[in-house]
Amino acid sequence: MILQELFGWLGDPAHWQGPDGVPNRMLEHLGYTLLAVFGAAAIAIPLGLYVGHSGRGGVVLVGLSNAMRALPTLGLVTFLFLLAGGSEAGTIVGLIVLAVPPILAGTYAGVQDTDRGVVDAARGMGMTGWQRLWQVEVPNALPLLMGGLRNAALQVVATASVAAYVGLGGLGRLLLDGLRVIDYSKVLAGALFIALLAVLLDLVLAGLQRIIVPRGLRVAAAAVAGRPKARSSGRTES
Amino acid sequence: MIEFQAVTKRFDDGTTAVDNLDMVVEAGTITVFVGPSGCGKTTSLRMVNRMIEPTSGTVLVDGEDIRKSNPALLRRRIGYVIQQAGLFPHRTVLDNVATVPLLSGWTRRKARARAAELLEIVGLDAAMGKRYPAQLSGGQQQRVGVARALAADPPVLLMDEPFSAVDPVVREGLQDELLRLQADLDKTIVFVTHDIDEAVRIGEKVAVFRKGGVLAQYAAPAELLSNPADDFVSSFVGKDRGYRGLSFLQADGIQLGGVSTMGLHGEHLSGERPSTVGGPDWTLVLDDDGRPRGWLPPGVVVQGEPAEEELRPGGSLYTEGTALRGALDAALSSPSGLGVVVDDDGRYTGVVTAQQVIDLIEERRKDAA
Amino acid sequence: GGDPLKGGGGAAGGQIVIGSADFSESELLMHIYAGALTNAGVQVTTKPRVGSREVLVKALQDKSLAVVPEYSGNLLQYFDKQNPAAQPDEVMTALKQKVPSGLEVLDKSAAEDSDALVVSKDLAAQGVKSIADLGPKCSQYVLGAAGEWKDRWTAKIAQLYGCTFKEIKTTDAAGPVTVEALKSGQVQVANLFTTASAISANGFTALEDPKRLYPAQNILPLIRSEALDAKGKAALNKVSAALTTDKLVALNKRIEIDKETVADVAKEFVTQNKL
Amino acid sequence: MFDDLSRYLSSASNQELVLTQLLQHIYLSLLPLVIGLALAVPLGWLAHRYRGVSGVVFGLSNAIYTIPSLALFVVIPVVLGTQILDSVNVVVALTIYTTALLVRPVCDALDAVPFHVVAAATAMGYRPLRRFVTVELPLSVPVLSAGVRVASVSNISLVSVGALIGTGGLGVLFTSGFQISYTAPIIVGIVLTLVLALVVDLVLVGLRRALTPWLRAGGTT
Amino acid sequence: MIEFQAVTKRFDDGTTAVDNLDMVVEAGTITVFVGPSGCGKTTSLRMVNRMIEPTSGTVLVDGEDIRKSNPALLRRRIGYVIQQAGLFPHRTVLDNVATVPLLSGWTRRKARARAAELLEIVGLDAAMGKRYPAQLSGGQQQRVGVARALAADPPVLLMDEPFSAVDPVVREGLQDELLRLQADLDKTIVFVTHDIDEAVRIGEKVAVFRKGGVLAQYAAPAELLSNPADDFVSSFVGKDRGYRGLSFLQADGIQLGGVSTMGLHGEHLSGERPSTVGGPDWTLVLDDDGRPRGWLPPGVVVQGEPAEEELRPGGSLYTEGTALRGALDAALSSPSGLGVVVDDDGRYTGVVTAQQVIDLIEERRKDAA
């Protein structure tokens, strides 16, 4: 019954046109997500690499990024909206705050987990700090780093709905407007499209991961796949 | 040449890892550091390529104080092989080996060509170059590690327990290869192990460290076994050191004896050289190529081919020209008391008795006195 | 507080739950009702900011709630979309008929808080004083309103005033998003409430509504009949008698501008009016 | 801003409101954590034990993660037939998230238990259930606790969203403050959420320490 | 007694780990499984306590088909010790040892009392009981592992490379203790190792496996060294097997010689027993307890205390009553050619020459023929 209503909703061409239409909402949603994820990556990846590489401040960083996870996105977004007088920037900042911890954790763990023997060998061969970072630590950190990025993207896609609460677009509109009038088919459609977007984004990132993670690491992962599995933090290969 | 001058390393937590080390590692030799776990072998080694900086004292490489050189550049001139090989999992074997040449600014093509050459030198198939480290066995990984360290043709090679992760048989093969390589390439190699057998096998000189980073003895292996500096060294080199020491005594003057032999098909081959021991005669059975197959006890007479059950398996074989240790063991392990001596191709050339070995040892001992 | 797991509908004798919609005036009314009922000896708990009308009605029906403050015109629209009643008494009569069984509206108060289309100073200066002035020019303007506005009013405003907006931008239910949007010019027309302090505070003009697009919006309690006894109903009727539009505007100002606490403002009102 | 804050907090009815919502928040975030953990342990065990199952379980938990929390909060009463304002909805939704979030750490934690220790237990004649409860589970605490900490923090921050559907919790401070453009309650809400997360985290760390006395003893010799 | 009857184990992936094994492990003995890595030692062992079920064939423990017993109960009757000790890191040492008794339903107090007793038996201080495994050294952990396996007094003990993770010196101590324990407790022990030295040292019988899980030879250690069944076994037991084999020859008939000795303070002690070798005389220096300290070369005359530099360090010492191997090594490693013989307390009792050892060996060989 509810499914029928859902299909009815989906079948109504009015829901597919104009600024309120699904395509536009989806684009808006994707826009917020990409902005937030790129913004967070621009902050978290360099920071994670620096801390992982230098070994300085790891404890502080992990503590801080865990504390960041506790920041309620809704509170942040409403607060920033009032502070910034209704611009989109506040919302994006709220979402960036959401996305930083997983990316930071993934990057840091990736560099940290790089086999100490390998890093040692790199040093012993006469690699400078930069060479070690780019030629050894970054490639080896990629699986966990990408895992963190994918986690962040998932969370942001799911949470970007909050933007609708402060009057922005995105698929959250379907959820919130549907909710106001208890139009479950609309809410469900919103949920469906958000999930769809999340899956698509994850697929794209998984593809990217396949491309940029060096093949040797996959071979190595497969070689140990028999017993102890990939480490806990973040998702690695899907 | 590597020179440690009054080198001490104390870590921040107060551990003294190396204590006032004075030592000269000769150019073109394999020098081995041995000692119990935690005695400062790795620390000493890593002070040579500035992975660790001494607390006091000076390290010279080829007469030059290493503090004066840029660490990265210094390290490119010093090959370094570590226990777990430390290969880059994200690069192919070929690219692993090509790393240092690339760092030193070679073109990719030239670096790869050099890498391919090195794979051959360490006995790996060229096809392996395309694989990733995870696709190699432990022994193969070790070879790649050695090849990588050799890539820029560094005059000095530091090896920290490079073979400890592989099983004994493979390990012996790797040791042989290292000796062969050294003969060909003439590097200055510092090799760390905590296995005294490995040390005396490959070292031209051996440095024994004791806990606290003190050098207990620094000598040639034969000297170490025959003349340990103190109780610590003598207990560390083990209780079989008299026997092990025979590895360093050449068997030059030994007179081979003969024994009656027969072919696998029952044909009498020879008996011309007189048996060097008395008592009833054993017969050595040889195969068509002249390689020993086993003994027939005295009194056993076979017509035609000796059956497998009638043959007593032989002892270990002694290859002519090698150290006395093998000769003694051949004699002791032979059911006839006659150690079988073979040439490099494994063909029977004569027999030797434990008595002869003992006599030779006694003679040498008297000469030395 | 109260036990959050317990269904809040409250059979007679037990605790009853009063809810509010998710804007502060509704919350204020909820607290006033709660105060009056408590004084009448009814045990109440409050559940502020439950959601929109749709949610509130559903919650009344599934017995999560017992009482909510409501607005007569919109409530009628909700139960009967096409109902033409517009004047306060007309609306009231129609509403009494249309309320589903089990639910009940009590006496309406004189206080009204209607939806209003609001324009900025500039537009008002161009002579736009009523929706009728706006009508022909609607297609040039963007309206900011809650998501459900479109479904409810698009047809009717076109029919009465010949007004079709260029775009209807979803903002929020007459909250800060809508106000910000009008202030910043993202929208030129906004749907706010007549009692909202933001109108005077920002110098906006609420357009007159000569053809009664929005029906009369008298404040009244919507209750689940069995949840309240006569004493309780009488207490709520007393509240309705005491409320006027001016009083409501004043109360709202204390909350929205002076940031006084809703519950305190309500409590004071209850005390002052001996409810 | 500080004036606003102190004025907001000095009102008795605000204090009562904040306290009520805080308690509701604690209840809404911690109950799912406990239930979620209880569900994740058997599921994680399945994934640890049967490699085939792990694909399915992890796939499912990832999929659950793509459902926006708001949608889940709203859809659950439809599916369960609960009352629309029932806090059970949030509890169920968060339980689902928590379970999904914890399955992988549980599996990883069990994987991290040294294989030879488990083998030794088997060889001593442990039956599987007892071995799981007295050997594998205690030994998985160090890795598992990290996962639980992340889950608790994320629950505490997610519960706020429930305010959008009227289930209470500190999120109410965000919506009500927002409605009247009043930052004081929003700041109070954010700070209390952080403090709550911190306190819960400290409790969890303490719990882990209490459950793993052997880790503190380690490496004294 | 443990009996393998035509036991084969093929894993799902097609690997044959054990191939048609027929073997009887005598009750009350230590039987050792040796062989290269992957030859099926662990698999064979684990089929005894049903950690692995055979693909075909039958395993009997004390005459009973183990398929008939409940696995958990069977395992409580069979102690199992593995390489990494497999201690429970989350339980104290005492509780680790008490595990099996508790599983078997003993009261906590009784189980703990038993555990304390066992700690003593394996040579650990009672105070250690309160520690956690991470607070013990590797050797101590191994002892706890053995104690835990012994806790329920099982008639059978399976040990899978129990000592391979500890260093050689500690390892030898653990082996000695195992031999002592076995003498006291009389268990049926199956012991897996891939170290042939360990095997011949502690095994009453040794089973050598080859790749593919085939039993290559099953014999007493002396037999294995002197008479390897085939080339695989002879190469596996190593090239020093003649020398190693001396471990199984007793030195009964050997006639100790004498040498002139002096005390640390220069006092002449004795010279009464005639030196058994000719040539200039070496003097053995003893400390106040009569323990050898070093040799003075012939011709060196000291007045009063001999200085450290004048003393030549002695060779390895031969303890009277032990196997010939030690006697030969003592002679070979001594600078004088005279092996120093000591009693159990390490006090000098005489000297022995390599010649004497060789003669004795020859004699024994002739007797055997």
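To keep things simple, chains are lettered A, B, C, D and E as they appear, and every chain counts its residues starting from 1.
Everything that follows uses one rule, which is that contacts are C-beta pairs under 8 Å (C-beta built on N, C-alpha and C of every residue); 3 or more make two chains touch, one makes a residue touch a chain.
All of these numbers come straight from a predicted model, not from anything done at the bench.
Considering the contact criterion stated above, the chains in touch with chain C and with chain D alike are A. Listing every chain that touches chain D and chain E alike gives an empty result. Distance from the centre of chain B peaks at C, each centre being the average of the chain's Cα atoms. The two chains most heavily joined by C-beta contacts are A-D. Here the CA centre of chain C is 92 Å from the CA centre of chain E.
Averaged Cα coordinates give chain B a centre that lies 59 Å from the centre of chain D. Among all residues of chain A, those that touch two or more other chains are 81-82, 165-166, 176, 179.
Among the residues of chain D, those touching two or more other chains are numbered 163, 165, 175, 178, 181-182. Here the chains touching each other pair up as A-B, A-C, A-D, B-E, C-D, D-E.
For chain D in complex with chain E, the touching residues are 114, 116-117, 119-127, 135, 138-139, 212-214, 217-221. On chain A, the positions that touch chain D within their shared complex are 2, 66-67, 69-76, 78-79, 81-83, 154-155, 157-159, 161-162, 165-166, 172, 175-176, 178-179, 184, 187-188, 190-191, 194-195, 198-199, 202, 227-232, 235.
For chain B in complex with chain E, the residues that touch the partner chain are 36-37, 167, 169, 194, 225-230, 234-235, 239-243, 245-246, 277, 279-280, 297-298, 312-313, 315-316, 326, 328-335, 337, 354-355, 358, 361-362, 365-366, 369. Partner chain A is touched in their complex by these residues of chain D: 62-63, 65-72, 74-75, 78, 104-105, 107-109, 111-112, 115, 143, 146-147, 149-150, 153-154, 156-158, 160-161, 163-165, 170-171, 173-175, 177-178, 181-183, 186-187, 189-190, 193-194, 196-198, 201. Interface of chain C with chain A (complex): residues 51-52, 54-55, 58, 146-148, 151, 167, 169-173, 176-178, 180-181, 183-184.
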